[in-house]
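Here the chain labels run A, B, C and D in written order, and each chain numbers its own residues starting at 1.
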Amino acid sequence: MDNITLMDRLVHIRNNKRFEAFIIFVIIASAIMVGVKTYQLSPWLINTFLVLDWAITIIFLLEIMVRFLATPNRWDFFKDAWNLFDTLIVTISLIPLDNAEMALVARLIRVFRVLRMISIIPELRILMNSFFTALPRLGYVMALMFIIFYIYAAFGSLFFEKVNPELWSDIAISLLTLFRIMTFEGWTDILYETMDVYPWSWAYFISFIFLTTFAFLNMVIGIMVSVLEEEHINETELNDRVVTLKDLHGEIKDLHSEISELKSLILENKK
Amino acid sequence: MDNITLMDRLVHIRNNKRFEAFIIFVIIASAIMVGVKTYQLSPWLINTFLVLDWAITIIFLLEIMVRFLATPNRWDFFKDAWNLFDTLIVTISLIPLDNAEMALVARLIRVFRVLRMISIIPELRILMNSFFTALPRLGYVMALMFIIFYIYAAFGSLFFEKVNPELWSDIAISLLTLFRIMTFEGWTDILYETMDVYPWSWAYFISFIFLTTFAFLNMVIGIMVSVLEEEHINETELNDRVVTLKDLHGEIKDLHSEISELKSLILENKK
Amino acid sequence: MDNITLMDRLVHIRNNKRFEAFIIFVIIASAIMVGVKTYQLSPWLINTFLVLDWAITIIFLLEIMVRFLATPNRWDFFKDAWNLFDTLIVTISLIPLDNAEMALVARLIRVFRVLRMISIIPELRILMNSFFTALPRLGYVMALMFIIFYIYAAFGSLFFEKVNPELWSDIAISLLTLFRIMTFEGWTDILYETMDVYPWSWAYFISFIFLTTFAFLNMVIGIMVSVLEEEHINETELNDRVVTLKDLHGEIKDLHSEISELKSLILENKK
Amino acid sequence: MDNITLMDRLVHIRNNKRFEAFIIFVIIASAIMVGVKTYQLSPWLINTFLVLDWAITIIFLLEIMVRFLATPNRWDFFKDAWNLFDTLIVTISLIPLDNAEMALVARLIRVFRVLRMISIIPELRILMNSFFTALPRLGYVMALMFIIFYIYAAFGSLFFEKVNPELWSDIAISLLTLFRIMTFEGWTDILYETMDVYPWSWAYFISFIFLTTFAFLNMVIGIMVSVLEEEHINETELNDRVVTLKDLHGEIKDLHSEISELKSLILENKK
């Protein structure tokens, strides 16, 4: 009996708007601290931040415990990847890291805490989810682009190594050079340099730019648009158009029943 | 009675095409003056502009008074944000600003007057409104992008500060550097410089470019497309397709009435 | 009678695939000549080109005369803007231009002849038309962008003139500088230079980039997409879906006639 | 009888998931080898790679033979362009290329083998096919862009040759310069240089950028979006909405049969 009351209280706390606002405030505070720490700080501020850091860690710990205990079937809590992420971030924060090496890890954890902003605001979570939904389709486009990059990089390091070994000496460097060309950053320097040795190499560069930048990047846009529209259609169109078709369906059903009524009347007449 | 006649006259003036054209002409003249003032001017021109400036301010004042008085329920006038903006711009123009410091403010006000172009031309107002409609959704994407920027900036000033303090010394400078990288402006210089110290830092830069430029920028495009399409669907599709479904609905209704007529006939027959 | 036969022959020539192919070949030849002339040429080639040029002009003249005379109602010929353009280009080619000054105009006309490629290939003409259809909507976006550019340019030449007069001395130069910033070409040099004097000027540049590049350019994309989709919907959707609705309409009509047949049967029964 | 059993076995092998996984593994191994070869290698590794290369060639040969023999109507095998491509790559690999000149061709073939990745993974093949589907429409846009490029290049080499012969000396170089301007790479250097001689040349550059980058590139995006949506509509909409219309069609058909049943009943009644 007592246990149920505790559960109810926890659910009440979890759903409380003020509780949520307080947690968002703490996350923002933690994010600002991460930013402020990149400046030169007075020893007094460093000590204050050390205390604040522990306070934030404890608040996060309490918050996750509340949310965990407020879940009816407790192991369902970890089925949500965001909850898992939150728990992981908080647990690692709790491990005492003393030596210099570990201090860096501790700072990295503080930085990742900023990501909790996404897990706590539903609209951002939806955005991230729609991004993850697009990932599998995007993944194949990325694979296709990587194949194109790889082939061009292999050709590049085969032919242009002598032109400029800094840009084309092996496949990894060539891949980076091609990525640079795709962003158009100083690509004409590379082009002119290569054309001095191979006058026809413009075909290599322009075909690469066409294939990657124009064609495939646009394909990425296309996928994005289709994902967003799919979502959009799910929201609006289903409410509008298809419902009207459902109405028609209902109306035609009414016709059926009316006609069968007619039929029974005629059959009665017959008798 | 007299008051009503005045009101009618004001409405007549406000809706007059020539009045609107004259105001647009005055706004354009005021915009051109703003532009011409950036050149070296003869003292004579400066004095002419001073007079013209006051003339424009008075014309704007009269125009807003006409539009305000022509509104039946006068406080509704300020419910339109564009009217509020117009009134603000004109009122501030009226304040006499004499000392040098204030002269700058006066010049700024003259510049903002160009924005009246948007408030007077309905098509531009629609465009701006559709942009403001997209803002809330865009806002969340911006928030997500800012979180990504912030985390990368924190990492950047944590690791790369020693590489180039001018680019990575604190989080504000790192954010600007990352914005620069997102625009691809000289980003490879930063990349090569950082890779000399941290050979694996390309992963930092390329993952950042992927996350911000490719994925999220496209998401912005997606939102824009969906907003514009929504608007588009509202205009055309509702007139076309759904009306046809409504037609079907009407026709099926006719069927119902015809069948009920049949039913009454059969019932009559029965008797 | 004889006249009608001539007309028929001209229509026959105009619609002849070989005639069209020959004209396309001549246009391509004329385009190649334009290109070849940019190289150093032997005197013999220059003379050959002079002859070829006249041959091309005469062929174009004959072609337009055929197309003009083959139009049943002759003044309809000039109602098509492309025909007007073709006629203009050919007529100007016919004017003998002897002195040096005029030789340049003659060369320009030769260059514009390449545009005849668009007027002769229907698919390219459709593309151009769809571009012109988008223009009015694009025009308002351009106007909005110009207003934003103008306001930023006015601010730029007001505040940054002392920082770098080469970039911000007057409104025209400032507009060009802002266009450069929009293309991200060396924009960080301008940013760093300005931030040395005005540390808060990053807000000016970043807000400008956001407003122009991100928001409005995407709006252009949105308009393009909507225009292309409109066209697309006109082509496919009307053939597919709405036809199905029409089918339903027809089927429901059939129901009506069947029910009225039933009615007459019942009425007959009654008697 | 024996022959049919062999056929069945081959089909069994071809459809075996492990066989497919093994081939993908071999293709990846071959791709990695292509990459590793761009580094400095020990003689031992070079020899190992020589053996591995032959092994891969033989595995590919066997795989294609399996797939060829498992096709019921064998000449259908070559109707698929991807099969033709695979066969070509493998056959050329088999030709012994000994002299230095030919060694390069051999290396190129090894690089092209990476493309087999696309032919073996169905999702990538679909992506490539959707790209090829877009090509004809894209082709016309490219043609239009080329015409614009050509006209601007002709103007460029006519007027700007004296400004900078390295960039504008003939039409081919001008085309490359214009492509560079379209990518915004150092375009302002060219602009300022040209404006020193022709102060109005900014109109040339800005109109070119507008025409190519903004208008037509967006058109490419539009086409991409429409192709992807078409595909998307084919997949989802046909399953959803039109099926509902089909349902209605079926239901109305039922109404017809019910009414005709009624009719026969009434007719029976009459008798």
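Everything below uses one rule, namely that contacts are C-beta pairs under 8 Å (C-beta built on N, C-alpha and C of every residue); 3 or more make two chains touch, one makes a residue touch a chain.
These figures come from a predicted structure and were not determined experimentally.
Peer 1: What's the rotation angle, in degrees and to the nearest 5, for a C-alpha fit of subunit B onto subunit C?
Peer 2: 90
Peer 1: Does the subunit C and subunit D pair touch with the same residues on each side or with different residues, judged by whether over half of the numbers are shared?
Peer 2: Mostly different residues.
Peer 1: Could you work out how far the Cα centre of subunit A sits from that of subunit B, in whole Å?
Peer 2: Here subunit A and subunit B have centroids separated by 28 Å.
Peer 1: From the mean C-alpha coordinate of subunit B to that of subunit D, what's the distance rounded to whole Å?
Peer 2: Subunit B and subunit D have C-alpha centres separated by 39 Å.
Peer 1: Considering subunit D alone, which of its residues make contact with at least two other chains?
Peer 2: 184-186, 221, 225, 229, 241, 245, 248, 252, 255, 259, 262, 266, 269
Peer 1: Can you tell me which positions in subunit C touch subunit B when the two form their complex?
Peer 2: Going by the criterion above, the answer is residues 140-141, 143-144, 147, 150-151, 153-155, 157-158, 161, 169-171, 174, 184-188, 191, 202, 206, 209, 214-215, 218-219, 221-223, 225-226, 229-230, 241-242, 245-246, 248-249, 252-253, 255-256, 259-260, 262-263, 266-267, 269-270.
Peer 1: Quick check: in the complex, which residue numbers of subunit C touch subunit D?
Peer 2: Residues in contact with subunit D: 31, 34-36, 38-39, 104, 107-108, 111-112, 114-115, 117-118, 121, 123-124, 127-128, 131, 138, 176, 179-180, 183-186, 217, 220-221, 224-225, 227-229, 232, 236, 240-241, 244-245, 247-248, 251-252, 254-255, 258-259, 261-262, 265-266, 268-269.
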